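Chain naming follows the written order as A, B, C, D, E and F, and within any one chain the residues start at number 1.
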Amino acid sequence: MTSNDTERFQRGLKKLKEIDGQAGENVIQSLKHFAPGLARYTIEYPFGDVYSRPGLDLKFREIATVAALTAMGHAAPQLKVHINAALNVGCSVTEIMEVIIQMSVYAGFPAALNGAFTAEEVFLERGLIEKPTSKS
Amino acid sequence: MTSNDTERFQRGLKKLKEIDGQAGENVIQSLKHFAPGLARYTIEYPFGDVYSRPGLDLKFREIATVAALTAMGHAAPQLKVHINAALNVGCSVTEIMEVIIQMSVYAGFPAALNGAFTAEEVFLERGLIEKPTSKS
Amino acid sequence: MTSNDTERFQRGLKKLKEIDGQAGENVIQSLKHFAPGLARYTIEYPFGDVYSRPGLDLKFREIATVAALTAMGHAAPQLKVHINAALNVGCSVTEIMEVIIQMSVYAGFPAALNGAFTAEEVFLERGLIEKPTSKS
Amino acid sequence: MTSNDTERFQRGLKKLKEIDGQAGENVIQSLKHFAPGLARYTIEYPFGDVYSRPGLDLKFREIATVAALTAMGHAAPQLKVHINAALNVGCSVTEIMEVIIQMSVYAGFPAALNGAFTAEEVFLERGLIEKPTSKS
Amino acid sequence: MTSNDTERFQRGLKKLKEIDGQAGENVIQSLKHFAPGLARYTIEYPFGDVYSRPGLDLKFREIATVAALTAMGHAAPQLKVHINAALNVGCSVTEIMEVIIQMSVYAGFPAALNGAFTAEEVFLERGLIEKPTSKS
Amino acid sequence: MTSNDTERFQRGLKKLKEIDGQAGENVIQSLKHFAPGLARYTIEYPFGDVYSRPGLDLKFREIATVAALTAMGHAAPQLKVHINAALNVGCSVTEIMEVIIQMSVYAGFPAALNGAFTAEEVFLERGLIEKPTSKS
């Protein structure tokens, strides 16, 4: 890497930490030993380039990502990371749930339901909702 | 329809007009003669129920929809309607383009490029960008 | 909810029980504490509106759903619920397997194979097929 | 081809004609000069093998195919062929529209709306519905 | 089955063993008791017909399959079988990783990341890479 | 842009011309006036980073891309560009058709058929196959 690539990489790493926190770093760590190129690109392009652009608030960016990952339906681990990210940049539990509910319109109820259960997991882990004491 | 269904339908129709304007009404009109049930549901569930919910600003809702439709990639007519809708509820050309560019990260460059060309069409129709005089 | 919404909700709940039985109610129960709106919509729109329409036999409706969920490939939990539902409304093991095999033509062999293994799970749980005593 | 392959091919060709009529044969004809292998497989596997199986009525098979192609959303030419096929094997306009409307639940409204407009095209071509004299 | 079908089936079975080895046979075995038709088709069409065609090297065929399954994102078990298959027909760890990294361009980073973690599993099982001793 | 970004950009532009020729440059030109950021990224990440990596032959890279775009089914314009690209880097008509036929196994016959008709267009434009004089 030249010094310039390093700048782009460093900017991406900083943005990744700001948005995804530990969860994002864990993904990168677990990639590094067998796919260092992909680990680097995952920092550089999405975070060093795209999320570092002006013109759209980070909160809007995470709304867009939660919407897309819920609708696409095959990316549950990434959806979990980005529901955390949405909370990290200031989205409320209500706003995230509204985005997921809205996806029932565009991608159908199964995608929305699976997204909702992924969100529940994150909200429970962060103590934002309580586990129901009984299902009855 | 009972009077109550009528209320939900009327609320949806008003919301549809607020968001999608003439484009939304055209879709409904063109469905009505052969699929009146689907025309009614398209007003009632997405607009009477989902878009009428509090808890998420309309601007956020349209960001989420543009993101999802760009990422899903098989819904160009609906994406066009919702890029218009995003403009109608206050999103800027820049914000819409940022959402579409960001989709290159989650759904790949072909989905983002196809979304960008759909956006270009809308922006040209509304005079928000100028047609390049020459491609050279 | 007004009395009318209640009627639509009650019609949906009755239809959900008729089609999906306990599995459907479990999904709704597990949503209720953190996403009550989505729980309500999942009853009202799919079951109160769509599945309550005349014009298509419930058996045909479940064939259509098993086909779509197998082909889409990202909705295993919902496919499991609807393979059960198909059996509940009178489809045979053979008919369900034929639908899943046919999906190899439209969505490819991986989607069909994953659908088949989901069906096997349901058939074993209901004692409709026997577990092979040995794989040799 | 050996005589046996010929039998499978002939069985497929007969089934293709029964189900898809001229539209199916046109697809095969247009493939033959540059992709004869794919033309042959499109007859042999889907029609010679799958659609020739007992255990599921042709009407059910077409319901399943219309559902899957509507839900998958990227196969409009094939959906058109199979809406015709569904009519050919005895499905009514109402039954086909019900399947398409139901897909709004599983694949979202854009997939259902695009499926509905494809169906309208077929119904108009076959004179099963009338063109609205005016959209006002 | 006639003697001719048997030939096609035998050719497919031999090709399946050559490409997928034990993993492929296990899939077929686990299907046989409840879906013998699908088990037979999975040998006959993909392996007896398609993979037996001249005109494209097996190594190219597996590159194409790993690319498609990574991009489609909903077929992790099949992707695992075909990363093994790619190794069996002579692809290197590097070549497989390059294909998966390239999918970030066409299907987005989540599909590529999920593909990479599936590949890691296979590489670890075959002792082609080492488990990192610590994540720090 | 710093001088280093310029290097990455120049490397990508050169690779884009080598692979996609005029078709690739046209896409970039048509993006530049309204989405200059996306135009730049489309050169830098896919071509400056990914296609410039050692470890996988360009011919293999294009096989992988044709496979993925055929299987995903919603990216016909990009598939057309990359069938041209595959020819540019040394793939034969036969090899490309084999990849597309193979996708019938993984993504179903509609995806393979639509891919085949896109390939036919390219082959006709480049005079690699002849237009059939008559369909009879």
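Assume contacts are C-beta pairs under 8 Å (C-beta built on N, C-alpha and C of every residue); 3 or more make two chains touch, one makes a residue touch a chain.
What you see is a predicted model; the values in this text were computed from it and never measured.
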item: Chains touching both subunit C and subunit F; value: A, B, D, E
item: Rotation angle (°) superposing Cα atoms of subunit D on subunit E, nearest 5; value: 180
item: Chain whose mean Cα position lies farthest from subunit C; value: F
item: Chain whose mean Cα position lies farthest from subunit A; value: D
item: Centre-to-centre distance between subunit C and subunit B (centres being mean Cα positions), rounded to whole Å; value: 30
item: Approximate Å spacing (C-alpha centroids) for the pair subunit C, subunit D; value: 24
item: Where subunit D touches two or more other chains, by residue; value: 37, 41, 45-46, 50, 53, 69, 71-75, 78, 97, 101, 103-107, 109-111
item: Topology of the chain contact graph, where touching chains are joined (line, ring, star, complete, other); value: complete
item: In the complex, subunit D residues that touch subunit B; value: 72-74, 97, 100-101, 104, 109-114, 116-117, 119-120, 123, 129-130, 132, 135
item: Subunit E contact footprint on subunit D (complex, rising order); value: 2-5, 8, 37, 41, 45, 49-50, 53
item: Partner subunit D, residues of subunit A touching it in the complex; value: 71, 103-111
item: Contact footprint of subunit C on subunit D as seen in their complex; value: 45-46, 50-51, 53, 55-56, 60-61, 63-72, 75, 78, 94-95, 97-99, 101-107
item: Residue ranges of subunit D in contact with subunit F within the complex; value: 26-27, 29-31, 33-35, 37-38, 41-42, 45-46, 69, 72-75, 77-78
